[in-house]
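For reference, the structure discussed in these notes is given below.
Going by the order they are written in, the chains are A, B, C and D; count residues from 1 in each one.
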Amino acid sequence: MKAVIYEGNGTMKEKNVDLPILENNELLLKVQACGICSSDLRTLLYGSRSVVPPVVLGHEIAGEIVDKTLRGTEYNLGQRVIVSPAIGCGRCIFCRTGQQNHCNDVRKIASHYNGGFAEYIKIPAQAIYGGNINIIPKNIDYLEASLSEPLACVINGQENLNIGPDDTVAVIGAGPLGLLHAEAARLSGAKKILLINRSSKRLKLAESFHYDAYIDLSAEDGIKAVNDMTDGKGANVVIVTVSSAQAVEMGVNMASHMGRVCLFSGFPYDKSKNKLDLNIVHYRQITLYGVFSSAPRHNEAALNLITDGKINIKKIITHIVSLSKIDSGFDIVRAHDGLKVIVVPDMEDLQEDIKNYSSAKIIV
Amino acid sequence: MKAVIYEGNGTMKEKNVDLPILENNELLLKVQACGICSSDLRTLLYGSRSVVPPVVLGHEIAGEIVDKTLRGTEYNLGQRVIVSPAIGCGRCIFCRTGQQNHCNDVRKIASHYNGGFAEYIKIPAQAIYGGNINIIPKNIDYLEASLSEPLACVINGQENLNIGPDDTVAVIGAGPLGLLHAEAARLSGAKKILLINRSSKRLKLAESFHYDAYIDLSAEDGIKAVNDMTDGKGANVVIVTVSSAQAVEMGVNMASHMGRVCLFSGFPYDKSKNKLDLNIVHYRQITLYGVFSSAPRHNEAALNLITDGKINIKKIITHIVSLSKIDSGFDIVRAHDGLKVIVVPDMEDLQEDIKNYSSAKIIV
Amino acid sequence: MKAVIYEGNGTMKEKNVDLPILENNELLLKVQACGICSSDLRTLLYGSRSVVPPVVLGHEIAGEIVDKTLRGTEYNLGQRVIVSPAIGCGRCIFCRTGQQNHCNDVRKIASHYNGGFAEYIKIPAQAIYGGNINIIPKNIDYLEASLSEPLACVINGQENLNIGPDDTVAVIGAGPLGLLHAEAARLSGAKKILLINRSSKRLKLAESFHYDAYIDLSAEDGIKAVNDMTDGKGANVVIVTVSSAQAVEMGVNMASHMGRVCLFSGFPYDKSKNKLDLNIVHYRQITLYGVFSSAPRHNEAALNLITDGKINIKKIITHIVSLSKIDSGFDIVRAHDGLKVIVVPDMEDLQEDIKNYSSAKIIV
Amino acid sequence: MKAVIYEGNGTMKEKNVDLPILENNELLLKVQACGICSSDLRTLLYGSRSVVPPVVLGHEIAGEIVDKTLRGTEYNLGQRVIVSPAIGCGRCIFCRTGQQNHCNDVRKIASHYNGGFAEYIKIPAQAIYGGNINIIPKNIDYLEASLSEPLACVINGQENLNIGPDDTVAVIGAGPLGLLHAEAARLSGAKKILLINRSSKRLKLAESFHYDAYIDLSAEDGIKAVNDMTDGKGANVVIVTVSSAQAVEMGVNMASHMGRVCLFSGFPYDKSKNKLDLNIVHYRQITLYGVFSSAPRHNEAALNLITDGKINIKKIITHIVSLSKIDSGFDIVRAHDGLKVIVVPDMEDLQEDIKNYSSAKIIV
């Protein structure tokens, strides 16, 4: 089968490799859609502590069950499924409370195990017992379904923010994750949503989402803009979806008293020590929520949101690329030339679905 | 009357001033006990944005009602009361939810109004309508009661930490506030309490509180010590009660996955921008709680804890000083020569109570 | 002035009475809109323990400040305001946490004080200090604003229900309060909203709200219908807005495991002991939330929702009646001939606003 | 091996049966201690919908791993373990959030599978993957460890009650579960604990636990007593641990405004429809929490509490009986002649441990 192997040192190559061989209680998926995450790009560019090459990247996976050595469960050949990539031990306090992404002994797809930038992927037994596989309902397609993974991270990220109608929510970063956050905040009834970005390109792309304000930092001061829109009180909730120390500082600064700031982004690991005005956090009684990854229950919740049509997901998919054009996909992600880029290994199989993405660019 | 006036530039002087004149609906208190907070010292040494001299400092106030222009309430001459120092507008969202300390238009005793380092203090009408005055129950004395204010801050600080029997709690700083935090955490059923300090003096003083570990940073590495005591998992809750960037960094570092870190201390205002490893916060999904000051409901809750004997408060009072010896009191606070220092303007009046503090040092 | 006096024993009469005389720190409002609550009708029909006649009923009040003896606050002549009717003592634990409706010494408008079915109403000082008066923003009218009170009760009622996108919400009762609940649940992102009523009339009226199901108990079995729509699992949230023991029983029965049931309605006081299957509550681990009335913070939140256009409030107002036709108003409420009925004492003053209610019936 | 078989119709008989044969991935435990729950007695006396005879009862199980067909996990021969009896599917929303006791497809030990009143018990594979097996730490014995199961139910029951230092907690029922609740409430820092029982015998037994009040309903009125102790305000938290409609009614009646009432007991299934004054629930804004059973995470938390010595567990064990004397054990449970009765199949094996229960009665 074809697989794109990340080899470290900024290189990634499509190769022909053997089909994975199933051990006991495993599944084989034919990958049908796998989104490119900006963290895949970060790994490619800067490396990552938790990813040891060679390995196949890609953790936003939707696929079809084509083989199994598992008996007596609900999973069957031909089923369409998505994968929650963090596999827990099943017994630690994190696994027991539905936060497998923080399991004491977590093992991840696209890190410990090969990921989805390939024609096929093997699902280990522990992922099945752990509930990491969710079945895609009939009315949504593989492409939408593959967005469950990033949306699951957003759900995990907003879980403790308790957004409601009293909250003005500032989202910093108008990338795909910023938009998913804005959509989720709207669904929670947020009073106002203010989308903030470094430049105008993506703010334009997001206009059709009809948020309450689009703040272009190249043209205006973010803190002033937010204060102006909140009677000088600041935003109740700030969600930082950019990997920038400056943005975190700005985010804390534009938060109101008793505001909640979500630190959704990580940093290249040699750039993670950043200056923060701790007196603002202290005197305004701000809460700063670090959040990372997601668990099977978030994955299911995300899939349900998409299935229920609560989030306009199709609009976020702007590019669909074949496996052999994955480099172009990564280039688009890097250039912020669109929003979400999805790798589709077998375009023919999905041709009917792809027709529904008339405004997306298809690269084969 | 005698009052100690903070004049800015590091000076503070006892003076004879006129008794405050009551306007409508006000109370006059005879100050019977007023604790020295380490933030009083910080203001004296470095100034404070919110304190404009000349003003009387001292916000941990217990006193007797000796005059009033207020009709028809439950407050009467001769009553013993404590004062919650942050006075709210009564109408903003913070006042309405019991967080007057974050009122959009907060006015504070010992900042906007004169504080308790004086023989008498005037209580403005708004404080009375706002519920800032709590009546001291019979079975506790003025000295204990004056500790309600710092304990109220601790209660505010722990409100969202949700400490329970699964939580190992690391308290950084063994000053009076660190100990109040440790006591409150124990009351919430914490699994283990680890008290951490820069040097051994105060850890020794705290031995009779019987915490689970006393970690002296001059002798051992804090992060290692905490990890050793938690199977390498880190503390679930870390409370930073020291005004040190290093301590915050260490605190975040010793927190477990999904750990909660309380930023209880502020910084001198030119030293508040500090480096923090944001990747730890992000990848471990840590929540960082800035907390500051307290509201009337915390004040009442603190008074109740003390009244119910849930917290061994007397042990924390190590020095009792007269108004004219307040400088010695500040010196002790600065040198960390004891724990809590209480100013008692009229020692004679309290002589029976003071007898119950046999191990405290009395300075007249 | 004209006022409608409730005299007990099922009688209520319009009379000419003296204008209220203001004592210190009070306000006089010209009542511009006052909704009829189904509990007003219940009081008229069956009496109420907390309402001692003679008294003016009507607690959903919007009016204009026309006189004041209050100095130095933000309230001024000519301002348009609404009133939160439960006035707290300001010091008990309920007042301190924003639940004045449960104040140990609560005093209520339309019960301890005269209410809004009159040309003018006096607002006591305690209501002003307590934050019970909220200023109406420019972009909404008195009629909409008067709905803040019932909506505030709904907000209080949903506060602990934590409705979100995983929740199928069944609302029992399609009266004005049922619809406000359904609207609020939708705003919180509920997965599905199922509106349930005893008969079809009001379900028809509610069709334009586009809920996910309309269940007419005269035509189908409620529990079966809800189970069918939830794969047999039951509704996660059930809100009972009808004063019927049967409905509570049905509500508990249609709740899922770990479901949340809101008991929003009270009962005539001689009919409040009802059979409930406690094993369902116990074995399914259901939580039953009694909720009653609202506090100033809910009132403000409701006003904000209406101002922000988050809830389509105008559609709920189906009848506007003059003070002298209040009996007709009560008849409509009793007959369930529409949804919300608003009493407007001075129709001429509001004639411009009333034009925006083209589908409402005006009775003068 | 010997096993006590529940045969329905109020009969239970010790028989010789074959050792269970392990299928794939299972464990065999030698039962070392198994408590008798009052619900075992209820099943014996009145039957139970979820228990289909013939089956071995007993779900408070501690034992030793003596055989296994499971590879590659942390479980090994010779280990001492406890069992969380509710086995979940691993994939439903309840399993995913750590509430396997409400799994859509839950299967229970001592109901779907044989329980612990036998010499040996087989643990199904699903229980192992589901985390239902917890390893007993060195410093506690099998008898204490077996109390983890009821304590886990108590922890589940108090999870949402949020007991803290402001709360006066009334516990109705002074049986073993009532005492575990009282202990857990104390650990959460409850202001006062009021223990209430129908008769004096068990209140006497509980005197050494030093609660704040012991209310004997045969001598005084419960509601009056609670009101007297709370300035007429009622208890903030009421926990009903008796299977009596009257007790639930009393419990709701003695709760304060905004009080929380825990419905911990179930009812014989033909006696579960009971009269309740719903107006009290509604007007006081009381929350009624039905709670039932527990999940693996509660089981672990309970084991930790016992291990950490946070709960004085040994005092609650008043009787230790051999398997062949199980009838006497049931008689004691029925007569309320002590507190917890533990069945120990192999007394000899535990003889050293049993020595530590000098005040317990041993029946062989």
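Operating definition for what follows: a residue touches a chain if its C-beta (ideal position, glycine included) is under 8 Å from a C-beta of that chain, and two chains touch if they have at least 3 such contacts.
These numbers come from a predicted model, not from an experiment.
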Review point. Chains in contact with chain B and with chain C: which ones?
Key: A, D
Check your understanding: Higher C-beta contact count, A-B or B-D?
Key -> A-B
Practice item. Take the average of all CA coordinates in chain A, do the same for chain B, and state the distance between these two points in whole angstrom. Key: 43
**Study point:** Chain centre separation (chain B, chain D; CA means) in Å
**Key:** 42
Review point. Which chain A residues sit where two or more other chains touch them?
Key: 93, 166
Practice item. Using the touch definition up top, name the residues of chain D that touch chain C in the complex. Key: 93-94, 99, 101-102, 104, 160, 166, 233, 245, 248, 257-258, 263-267, 269, 272-292
Revision key, fill the gap. Chain A contacts chain C in the complex at 164-166, 187-189, 191, 301, 304-305, 308, 310
Practice item. Enumerate the contact residues on chain D facing chain A in the complex. Key: 74, 90-91, 93, 95-98, 129-131, 295-297, 300
